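Two complexes are shown next, each including subunit A; its partner changes from subunit B in the first to subunit C in the second.
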Partner chain A sequence: MTQLVTDIICPFCGTLCDDIEVEVSDDGKKIIKVTNACAIGAEKFLHAQSPDRIVRPRMKQEDGSWKEVTYDEAAKYTAKILCDAKKPLMYGWSSTSCEAQATGHMIAELVGGVVDNTATVCHGPSLIAVHDVGIPSCTLGEVKNRADRVIFWGCNPAHAHPRHMSRYSIFSRGYFTTKGSKSRKIIVVDPRPTDTASVADYHIQIQQGRDYELIDALRVALQEGPLPETVAGVPKEKIYDIARLLKSGRFVTIFFGMGVTHSLGKNHNIDIAIALTADLNKYTKAAIIPMRGHYNVTGSGQVLGWQFGFPFCVDLSRGFARYNPGESSANDLLMRGEVDANFVIGSDPGSHFPFKSVKVINELPSVCIDPHMTPTVAVSKCHVPVALVGIEVGGSCYRMDNVPIESRKVVDPPAGMLTDGEFLELVLTEVQRIKGVAA
Partner chain B sequence: MTEILIKNGFVFDPVSGIKGDKKDIAVKDGVIVESVSAAAKVIDASGMTVMAGGVDIHSHVAGAKVNVGRNFRPEDKLQAVYEPARGVRHMAGGNSVPTVFKTAYKYADMGYTTVIEAAMPPLYARHTHEEMRDTPIIDQAALPLFGNNWFILEYLKNGEIDNASAYIAWLLRSTKGYGIKCVNPGGTEAWAWGLNCMTVNDQVPYFEITPKEIIAGLMTVNESLHLPHSLHLHSNNLGNPGNYQTTLDSLKIAEGFKANNNFGRDQVMHHTHIQFHSYGGTGWGDFESKGAEVMDYINKNPNITCDIGFVTLDETTTMTGDGPFEYHLSALNHLKWANTDVEVECGSGIVPYIYSKDVYVCGVQWSIGLEMALLAKDHMRCYLTTDHPNAGPFTRYPRVMKWLMSEKARDEVFASMKAEDKVRDRSTLGSIDRELTLYEIAMMTRAGTAKALGMGKKLGGLVPGMQADIAVYPYNPETASDPEQIEYAFSNAKYLIKSGEIIINDSEIVSNGNKQTYWVDVKTNPSKQVEHDLREMFLKYYTVTERNYEVEEHAFMKNPNVISIDATQ
Partner chain C sequence: MTKITVNLITGRTIQQGVSMEAGKEKEDYMKSCGIIELDAVDIAKLGIWKNSNVRVVSDFGSVVVKAIEATQGPHPGLGWIPMGPWANMVIDTNTYSTGMPTFKGTPVTIEPAEKETVLSSIDLVLNACKE
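Let's turn to the complex of A and B:
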């Protein structure tokens, strides 16, 4: 007899679907079937079952081969490199629970580390823009229940957040949007003809990197101000049309992704997108929501916020929290050669950082905590495989709209395997011992 | 457990009626006792003031909007020194929106041991509890928001009080909440369409109910559930010139209601940050105080309590479940604006604000709060808050005490204002020479607030049997002469004991304590209708499943303290 576990959150993307159902074997050890999840989400669950999974910590040897060690030995190594370092970088955090993040931050405080999360290479510019201009936003249920005008700007949920459109933003039927997608006008702004654009009412094929100009033009068009014939490759009539369409809506939502955060202009693009949203509130109701990637990158920003006051790039090396993206951010530190140990959890900088940074990691004393074999593992000295948060252990996670949802345990991890939280506790205890402070 | 004897202090305790007599206070096993053995640790409090631990009835210190405030204002960290870790203390920073560690340490330094988070959006309850779990030392509880909740709007519109009661009991249990908070009833729902409800008789769009009906309905439910605290109301039209009429209309809804509970609470309505609701004039030009009128009404109606929300003339961060208010505030000061509308339930907004003493409106706001507190006849019903951080950071409570206790200190502020004459002209503060006593301060900050929260049998006093939360301040009421001593002493408790444990010893925090989280578990008759509606609502209109809504006590509380009530029959 198999058992069905329901109301599971999917620990893959920031959509954080929480209606996943998983069929597990009688003994609670094996996942048999995953329903409700999209293809990527389902794959994440099934991947946990892969027979070649690495289940014990390993240290890299001189010749590049791996030697198995115990969790205690791995924790001692981790504590030592962190304590020996003047400015250890503790990076990642986006695929682990808030509880594990909190434990990690206590380690960082004791060793004077720099804590940065994956926002540094995705929505960091959005966080900076929020410092400048704030953010009128709402929960995804508000979009589902009320939004009759939805913009996707520089993002492609059809691929990156596959169930976003059906759960919240296009097809879902809500209290005041009973006709689903027929209740809404969908606008996609993207230089590429994406799969999301193909289901939109309007696809604005903006010239690459000209986001700021087009948003600015929309702000002008809201007031029926003068525009040149074309802006960012878009004819002015179309811009006026879109502006009128937005004004005539009852509830506008703008979703934006990396196409805006990391094209020319970066945080300034978001500044003005938020300003456009604020402007729209003079005519109707409007909100803006970043399409966060990792399922708990938002949580990392939250925990850092309540513990230290800043959402990413938090430098604790001077004994108090400093924050200066561009200076205290992971890549800047790596490229300037300022860090002397590297600690990674819940992310894969080996795949996403510039080659120059990865080369530096390769030279440093380093540990990577990750259930899988990743490019980051390949350049680290110590690899600590752990149970998968959201599949083999529960914990709090935050959705892209900051709504916290508790992830649940579905199956047992492979025998003898620790969770992130448990391993970090071991490291914390060891750091406390080295530093001679009370637990 | 340890025994402690606090010897020879000047004790101020409204619960037992002690007004500054020299007295010893004994502690054993976490509670106050008549006497202890010779083995007790002795704290010499000679020449010092002894009070029960402070109980803050209304503060925004944990949860989604507070954290937006922290994360969207890096500059707030520059307003105060970022304190490094030392001893048991973590590094701690922020000024108007401090980190959770700083929140705990500063409240402890002020001799406070219990703090109520005054607005918890139910969908974000888990977040609020996570922050409270990470906040050491102080005991906490949070009030979920109900005034714009779709279930409530529907049930109250249809007169289904039993269903509203069953739903509220369910929600308190699910979110581990403490009581019924109502912010801008109907107005925040209207704000989801960019609208607002400005009077108690405005219709909520689509839901066809008025703020008046929401307030009356929530009070009825509150008493039928016998909750420890009353309805906690932030009424409509906050912060606008001329709003005192709306406030009086809102307060009047309490007429005829009677408290029904076993917790020693007398009021049926607690109106919060009343200062923001006591404005006269038709615009900012003729803005003036109507504090005297509003306080006069409260003085005459013993079934109402209030806290003030004193403006402290600082740069701060405003944050409230009153979404439309924050939008209008941002239109006024052109600073950054954050807003979050929450599906089915509520909303909130955040805007930085600078209360400059050189801006006459801010000066008048400052005088209205003090005026009202000085005109209050019963300080067991009128409490000290800054609606932290809205009217100013909570760290200014000692400064507010100084203003309340010293006319000289108030005159100094008046004299420093650019528009002194105009400010003096717009309120009666300048003509009030009353100076509150330490005994009245103890009412405003512990005895009264604990009573209004339904915690009066356990907290807020120094009677044997009560929880041993005790603050010792370096203030000698017999010899102190300079008002500045008040501010210093109440910012720097010499000793603090919480649940019998020494937290501050000789001005140094020595323990993170064993913080408790209070929540209320009310048993009601089952309601098939509510069960059906919950299923329906979660399936159709929420974006989380019903099962994922509940905040699990074991995961989110270090030390839960459940108040169980049987409201069946």
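Let's turn to the complex of A and C:
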């Protein structure tokens, strides 16, 4: 007999869908079928069961081959490289629980490390903008129930957050949006005619990198001010039309993604998008939400925020928290050769950092805590496989709209495998021993 | 040999997400991300068959990927490599004091490279580390 486990949280993207159903074998060890999840979420659950999964820590040998070690040995190596280093980089944190993050930050404080999370290649500029100008935001529940004008600016949820549109932003029926997509006008701003644009009412094919100009033009158009014939490749009539459409709505929500944060202008693009949202509140109700990527990148920002006062790139090397994106951020530190040990958890900089940074990691004493084989593992000296949060162990996570959700355990991890939290506890104990600090 | 210049952007695709969750060391990940999506007119300008290998070169590096026709187009003059180690060989590394490299908007040149191979994610990174 199989059992059905319901109300599972999907630990892949910031949508943090909470309605996944998983059929497991009666001994609770094997996942048989995943329903309700999108293709990416389902694959995440199924890959946990992969027969070639690496289940024990290992150290890279001189010839590049791997040698199995115990968790204790791996923890000792990790503690040693962190304690020996003057400025270790402790990067990632976005695919693990808030509890594990909190333990990791205790280690970072003791060793004087720099803690940075994946926002640094994702929504870091958004966080800088929020510091500069604040943010009028709302929850995804409000979007579902109220939003009748939805903008996707530089994001493509059809590919990156596949169930976002059906659960919250386009097709879902809410209290004041009883007709689903017919209750809403959807606008997509993207230099490509994306799959999200194909289900929208309006696609604005902006020239890549010209977001600031177009948002500024929309602010002018809200007041019916003068505009040149085209802005960012968009004719002025279309800009006036969109401004009127937004003003006529009861509840506008702007979702924005990497198209804005990765392009030149960066945090300034978001400053002005937030200013546009604030302007819209003179005519109607408006909110703006970043489309966060990893399922708990928002949680990492929250935990760092309540522990140290800053949401990413926190430098603890002087014994107190400093924050200066561009200086204390992972890629700048790596490319300038300012770190002397590298620690990665819950992310894959080997795939997602510019190669110039990856090459530096390859030369450093380094550890990568990751359930699977990745390019980061390939360039690290020690690999520690762990149980998957949200599948093999529970833990708190924050959805993209800053709502905390408790993820659940579905099946047991492979026998003898530790969780992130348990491994970090081992490292913490060893660091305390080396530093002569009472536990 | 014909060369063209395009503006390169990177980002997620659903195939990138699914194949990455199925294992970054596997062939599917390379097939999903070791590609460049080009507009039909740009492929014609380059004088190559669709689905043949090309070399993408920027001021920051170079990489061999397979050129396919844009799945979300048309967008002449724009190249798209899904996020991953292949794109990260060539993207603009400057963070301009924000911490964020410039993943979107890197000028690149593209030239035919039918005889060269697209490497797996692990080989790509390890080989480049040796250079």
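In this section, the second predicted complex is superposed on the first by the 439 of 439 C-alpha atoms of A that agree within 3 Å, B and C clash if a C-alpha of one lies under 4 Å from a C-alpha of the other, contacts with A are read in each partner's own complex, and residues count from 1 in each chain.
We take it that contacts are C-beta pairs under 8 Å (C-beta built on N, C-alpha and C of every residue); 3 or more make two chains touch, one makes a residue touch a chain.
Remember, it's a predicted structure, so these values are computed and weren't measured experimentally.
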item: Partner chain(s) touched by A:Lys44 [first = subunit B, second = subunit C, both, neither]; value: second
item: A:Leu4 touches, of subunit B and subunit C: first, second, both or neither?; value: neither
item: Partner chain in contact with A:Gly350 - subunit B first, subunit C second, else both or neither; value: second
item: Partner chain in contact with A:Val133 - subunit B first, subunit C second, else both or neither; value: first
item: First (subunit B), second (subunit C), both or neither touched by A:Pro125; value: second
item: Partner chain(s) touched by A:Pro404 [first = subunit B, second = subunit C, both, neither]; value: first
item: A:Gly259 touches, of subunit B and subunit C: first, second, both or neither?; value: second
item: Partner chain(s) touched by A:Gly309 [first = subunit B, second = subunit C, both, neither]; value: first
item: Contact footprint of subunit A on subunit C as seen in their complex; value: 7, 9-14, 16-18, 20-25, 60-61, 70, 72-75, 78, 80, 83-85, 88-89, 91, 93, 95-105, 121-122, 124-126, 128-129
item: Of subunit B, residues touching subunit A in the complex; value: 62, 64, 66-68, 70-77, 82-85, 88, 90-91, 93-94, 97-101, 123-124, 126-127, 130-131, 134, 150, 191-194, 206, 327, 330, 336-344, 347, 350-351, 540-545, 547-548, 552, 555
item: Interface residues, subunit A side, partner subunit C - complex; value: 12, 38-40, 43-44, 46-47, 50, 116, 120-121, 124-125, 128, 156, 158-160, 162, 191-195, 197, 205, 208-209, 258-259, 261-264, 266-267, 312-313, 325-327, 329-332, 335, 348, 350-359, 362, 372-375, 378-379
item: Complex contact set, residues of subunit A against subunit B; value: 6-7, 9, 18-19, 98, 102, 106, 109, 127, 130-142, 144-146, 167-168, 173-176, 250-251, 278, 281, 284-285, 287, 301-303, 305-311, 316, 319-321, 323, 394, 396, 398, 402-406, 438
